[in-house]
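Notes follow the structure.
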Amino acid sequence: MARIDGRLPDQLRPVTITRDWLAHAEGSVLVEFGGTKVLCAATVETGVPRWRKGSGLGWVTAEYAMLPRSTNTRSDRESVRGKIGGRTHEISRLIGRSLRACVDYKALGENSILLDCDVLQADGGTRTAAITGAYVALADAVAWMRKRRMCPGDPLVDSVAAVSVGIVGSEPLLDLDYSEDVKAETDMNVVMTGRGEFVEVQGTAEGAPFDRAVLDGLLDLAAAGCAELTRVQAEVLGVPA
Amino acid sequence: MARIDGRLPDQLRPVTITRDWLAHAEGSVLVEFGGTKVLCAATVETGVPRWRKGSGLGWVTAEYAMLPRSTNTRSDRESVRGKIGGRTHEISRLIGRSLRACVDYKALGENSILLDCDVLQADGGTRTAAITGAYVALADAVAWMRKRRMCPGDPLVDSVAAVSVGIVGSEPLLDLDYSEDVKAETDMNVVMTGRGEFVEVQGTAEGAPFDRAVLDGLLDLAAAGCAELTRVQAEVLGVPA
Amino acid sequence: MARIDGRLPDQLRPVTITRDWLAHAEGSVLVEFGGTKVLCAATVETGVPRWRKGSGLGWVTAEYAMLPRSTNTRSDRESVRGKIGGRTHEISRLIGRSLRACVDYKALGENSILLDCDVLQADGGTRTAAITGAYVALADAVAWMRKRRMCPGDPLVDSVAAVSVGIVGSEPLLDLDYSEDVKAETDMNVVMTGRGEFVEVQGTAEGAPFDRAVLDGLLDLAAAGCAELTRVQAEVLGVPA
Amino acid sequence: MARIDGRLPDQLRPVTITRDWLAHAEGSVLVEFGGTKVLCAATVETGVPRWRKGSGLGWVTAEYAMLPRSTNTRSDRESVRGKIGGRTHEISRLIGRSLRACVDYKALGENSILLDCDVLQADGGTRTAAITGAYVALADAVAWMRKRRMCPGDPLVDSVAAVSVGIVGSEPLLDLDYSEDVKAETDMNVVMTGRGEFVEVQGTAEGAPFDRAVLDGLLDLAAAGCAELTRVQAEVLGVPA
Amino acid sequence: MARIDGRLPDQLRPVTITRDWLAHAEGSVLVEFGGTKVLCAATVETGVPRWRKGSGLGWVTAEYAMLPRSTNTRSDRESVRGKIGGRTHEISRLIGRSLRACVDYKALGENSILLDCDVLQADGGTRTAAITGAYVALADAVAWMRKRRMCPGDPLVDSVAAVSVGIVGSEPLLDLDYSEDVKAETDMNVVMTGRGEFVEVQGTAEGAPFDRAVLDGLLDLAAAGCAELTRVQAEVLGVPA
Amino acid sequence: MARIDGRLPDQLRPVTITRDWLAHAEGSVLVEFGGTKVLCAATVETGVPRWRKGSGLGWVTAEYAMLPRSTNTRSDRESVRGKIGGRTHEISRLIGRSLRACVDYKALGENSILLDCDVLQADGGTRTAAITGAYVALADAVAWMRKRRMCPGDPLVDSVAAVSVGIVGSEPLLDLDYSEDVKAETDMNVVMTGRGEFVEVQGTAEGAPFDRAVLDGLLDLAAAGCAELTRVQAEVLGVPA
């Protein structure tokens, strides 16, 4: 069964990461996974949230949102509705947790980095594109801080990338676009470090429940996808993968 | 390394499911996983949300909340703060998704079942206890409906149970209590059907990232735990496991 | 005219007060007035609200809420609606005011006690059950504080109990259940101290206005009911009434 | 002990009720109890809230609010804070309940009257002034409706007035101004019909609890005050008291 | 074409400014432009918002609101809806900006003056009446402060007044009432100082766009109207215009 | 006095309008005025708001927002704060009003077009860039509709463009960037049609009030700027100016 854009089952969409997309942010990236475009901006703030003050440790957090017309059908602004939806909350928390997995809080010192991930255009995989792009923005923000000698050490102990995998028509596919995502029986988002370890595994049976063999196959596919994304991140940042 | 309550690594806490705990609800259960107590109430409503009207299909959803003093330190009421936090949203969505995995919407007809899961006392694993208990409340609500011939068929195609697993001090443990949960390096919630298939797998590296072998070990542990919970549910409902 | 449960007009429903219902709270009680069940949890906090700082005086306050399926028809969560309804506000304020009537702020020192009263099941009289139960939770929390020598003196100068009375079918009745409450022409909630003095008298003509003789009759009935509740509280706390 | 403005203990402040204060409302009144000034506007709407549709019965409700600088110290606008406080809710509900006591819903037909009571200047007794003034605005709105033959009958079966009483320095006083109110040990708001029956009795021990004799004395004082206010209302409306 | 109330095209409605309308506020005014009545209250607070602390400079701000029944059709309370509408925000900001144009922050010292402008009755031009009246309340509040020697200098460097102008049926009209406002093709609000300079010019094509000649004509009309309002303000304040 | 980027006083910044920037929207544009970048998306919806139903007339509205890190210092998300700020409201309303000036509602039929204007990067003039870009997105959305024969006629009767002007250091400047905007004594936003008539004139004295001569000079400058922007719009759309 051919994919709509002719990709192989284990093939990523074209991935582009454009650094320094914004003039003001300490790190900023426009990340594209095919038609999905996410603007990731890293903001450096001295100080940490109240519950962490005096610990000598830093903090990293994230906020995710979609522009109202990033999708095919316009959705209402969460600011207009006056509250943030469950999905937005959930993804913001996931991005924050994922990025914290590669951060040494002690080396960061009592500083905070906030990653804003705004989806300009959505075509499936917005949360995984956001994590993958946000890592690059984070790396740029850390470099900005180190140039100014704001950190006691090197806060980045690894890199982080993420990809979605799923079962569509019984076949395991890598990096689902929107048209595949709506048909997927099982949908899994996997976040991994550059060294190939797991940070998050979130698998959901959208249709029928899945067995262990399916789960294993999806994890293999995701591991290969994350390794490829790690390579792209390294290339973009001009560091050895 | 002994567990604080003397359990073996692959042992559940004492699990109690008390049916008909509330007088008014169509199904209601007080579920206890050790010190964790969750009150699950199922409400049957004729009709479905607007976006589903006329489809002939039913709907199942859930809301999760914690009483302010269910925890060691009191937390503010979300009603007083005027908004629902990200964690609450995330768990409500997880419970709803999990229960929908065992429901045949067509057999349910255009009816809705809403599961309210209110944590009266929290000692780790509140979301997995909620799912496990909510299934029993759902089964009772479905029985209530079938007695009144409200459903075109049998809406329950399977059962659903959930358990947490995690790595504490390098050791994989089943059904973490709160003291274990805060020390866990990796934390995973697994939702499975009575037939032993996966509905949700949510693994998070709280400390260091984890490798595939660790992931495999945790999945084995969770599968055994869910099977045991399925047995308890069947016993409580008086049906063959 | 017989009452639905065979009670005499001046008879309370069976009253049960179970102490130490929660593991974490400094005082906690499940109070039952017949089918009405309210979980009362007392939280001790050092310090007082900002407007009271430096006064040397303590503070006692309360929050009341109903679980969505405590009633026959499910009601929306106030956290989901994003605001607290008028009735909830009003009852929270009433409970706080009532309990403060038996507290010596100076003897409490600059500490706060917050009473959470969550209705698990509602069958009329939830506010009066909450006050009656919250007093016992408060007494336990005060004992907890005194054991730790947190208070300069004994903060409890009296006890507090509450009961509803009303006119149903021209007859004055004590402790209305829900089926009586909806039929009541006049409805009155009375809060009294253990010594038999009034803390709050809230009478409302639901149907026709009432004259002074009716008011006097209801006050007599309520005084007897509160005296009986005071006796139950003393028994449960193991102190002389 | 003399009152600050030289009044006798059982004397009302000067009461003024100015009708037709607003050009647009169907009934409107500026009511003054001494320095307390409340603008009461009655709005007639055809139709009733959803839960009452098809019943053939009307509805009356009220909203109370204080202008930010009606008080000595400015308070924040509830619209700016984004939520209504407990006190506002409580008083709005009290006013609505009080006015409904003199309304025959059947004679009103399926129409609604909404009373807006906005405190322009506060000097104690704002809720009792609001009720007393709102009755006159209601009467004017009803007259407006009857002129247009909107009602099947005469919706007003009685009149309603309200006054506060309290114990200040052991002495029972009628119609407390702000300086008396803050010193009151016991504070009671009483709503009565023109025929002299009770609609609401709300007594609160602000300081020490009170006994039955005190309660009886306050009720006597309030009954006389309400009778006098009923006389003023009748005079203003040009009807026999 | 005659105006509904017989005014000439360049004639203001009867303007009344009543000082000291409220007992508690440091300055207060009931301003009437024909049927439009706005209550303006000035509140003096020592200190300034956080972002201005330590600057030695004062601050002036404003809040505008309409009572629900100030208009012909009742509008919902913004406090009940839980948020402030765009129009309210916009006008509050306009009033604040306008008044700040005549204030010397240094002479005010680190003090704040907040102008509450509450529309009691609306008949067009509520924002311009609010600005014109608020200036007088501000002047009274400043006098109150200077008497108490709270200001390092004289904070009022000029006066401020405002008026609306518009094109109705091709004719430029001064000070539109509501019936004219809804028919206006072009609507302009102009705020000017007592010396005749512009503070705000807000012109909007409600129907067809307008050319420079129309704009010039409206500005002339507004300048004459503001000059007349400045004269009224001076007279009311008992100062030379 | 030279401008920071070497522009002449009456010179616009480089203006770029990129059409079809988004895949899903019926019209979409990335508009750049120098460093200011605004993404404008037009959404076509059949039907109109409730208050306009059955009129045969269409509707055009707009929502404006800034990404949190579009500015030099990050600002909190309005969705997280739970309410929209006054400035956002004001600008959204301005954009909607401005675009409606060139629309023939009858020719649009009972359809709505919603313009989302999201500021990706801010360097002064975000509202004028938004209006100028939104017109192009609107034109594309209208073309999309006409191709599908959704409109009874041609809904665009003119074009609309906007520019800011201001006095900086006594000199009138066209199209202020952020560094100029913060220093401006007077700031004016002018919206004009392609035919050179005014739609909106909003002038504000940020520092000292301004006289008629200054106002006239600014209007001249703005008229020339809008004419140039109209030319750019026409060129981008491939129509005669």
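To keep things simple, chains are lettered A, B, C, D, E and F as they appear, and every chain counts its residues starting from 1.
In this section, a contact is a pair of C-beta atoms (placed from the backbone, for glycine too) under 8 Å apart; a residue touches a chain by one contact, two chains touch by 3 or more.
Computed from a predicted structure; not experimentally measured.
> If each step moves to a chain the current one touches, what is the fewest number of steps from chain C to chain E?
Minimum step count, chain C to chain E: 2.
> Listed by label, which chains are in contact with chain D and with chain E?
Under the touch definition, chain D and chain E have no mutual neighbours whatsoever.
> Most remote chain relative to chain E, going by C-alpha centroids?
The most distant chain relative to chain E turns out to be B.
> Which rotation angle, from 0 to 180°, best lines up the CA atoms of chain B with chain F, given as a multiple of 5?
Value: 120 degrees, nearest 5.
> Between A-B, E-F or B-C, which repeats the contact pattern of D-E in over half of its pairs?
Matching more than half of the contact pairs of D-E: B-C.
> What chain is the most remote from chain D, judged by the mean position of CA atoms in each chain?
A
> Based only on mean CA positions, could you tell me how far chain B sits from chain D in angstrom?
It comes to 51 Å between the two C-alpha centres.
> Averaging over Cα atoms per chain, report the distance between chain C and chain D in Å.
Each chain reduced to its C-alpha mean, chain C and chain D end up 28 Å apart.
> For chain A versus chain F, what separation do you get between their C-alpha means, in angstrom?
Averaging C-alpha atoms per chain gives centres 33 Å apart.
> On a C-alpha centroid basis, what's the spacing between chain A and chain D, in Å?
Taking the average C-alpha coordinate of chain A and of chain D, the gap between them is 59 Å.
> Residues touching two or more other chains, restricted to chain F: which are they?
82-84 - these are the residues of chain F that touch more than one other chain.
> By the touch definition, the chains form a closed loop. What is the full order round it when you set off from chain A toward chain F?
Order around the closed ring, chain A first, chain F second: A, F, E, D, C, B.
> Quick one: which bits of chain A touch chain B in the complex? Just the residue numbers, please.
83-87, 89-90, 92-93, 97, 101, 158, 188, 192-193, 195-205, 208-212, 215, 219, 223
> Okay, in this complex, where on chain E does chain D touch?
22-25, 28, 35, 39, 41, 43, 45, 63, 65, 67-72, 74, 77-80, 82-84, 88, 114, 116, 118, 120-121, 123
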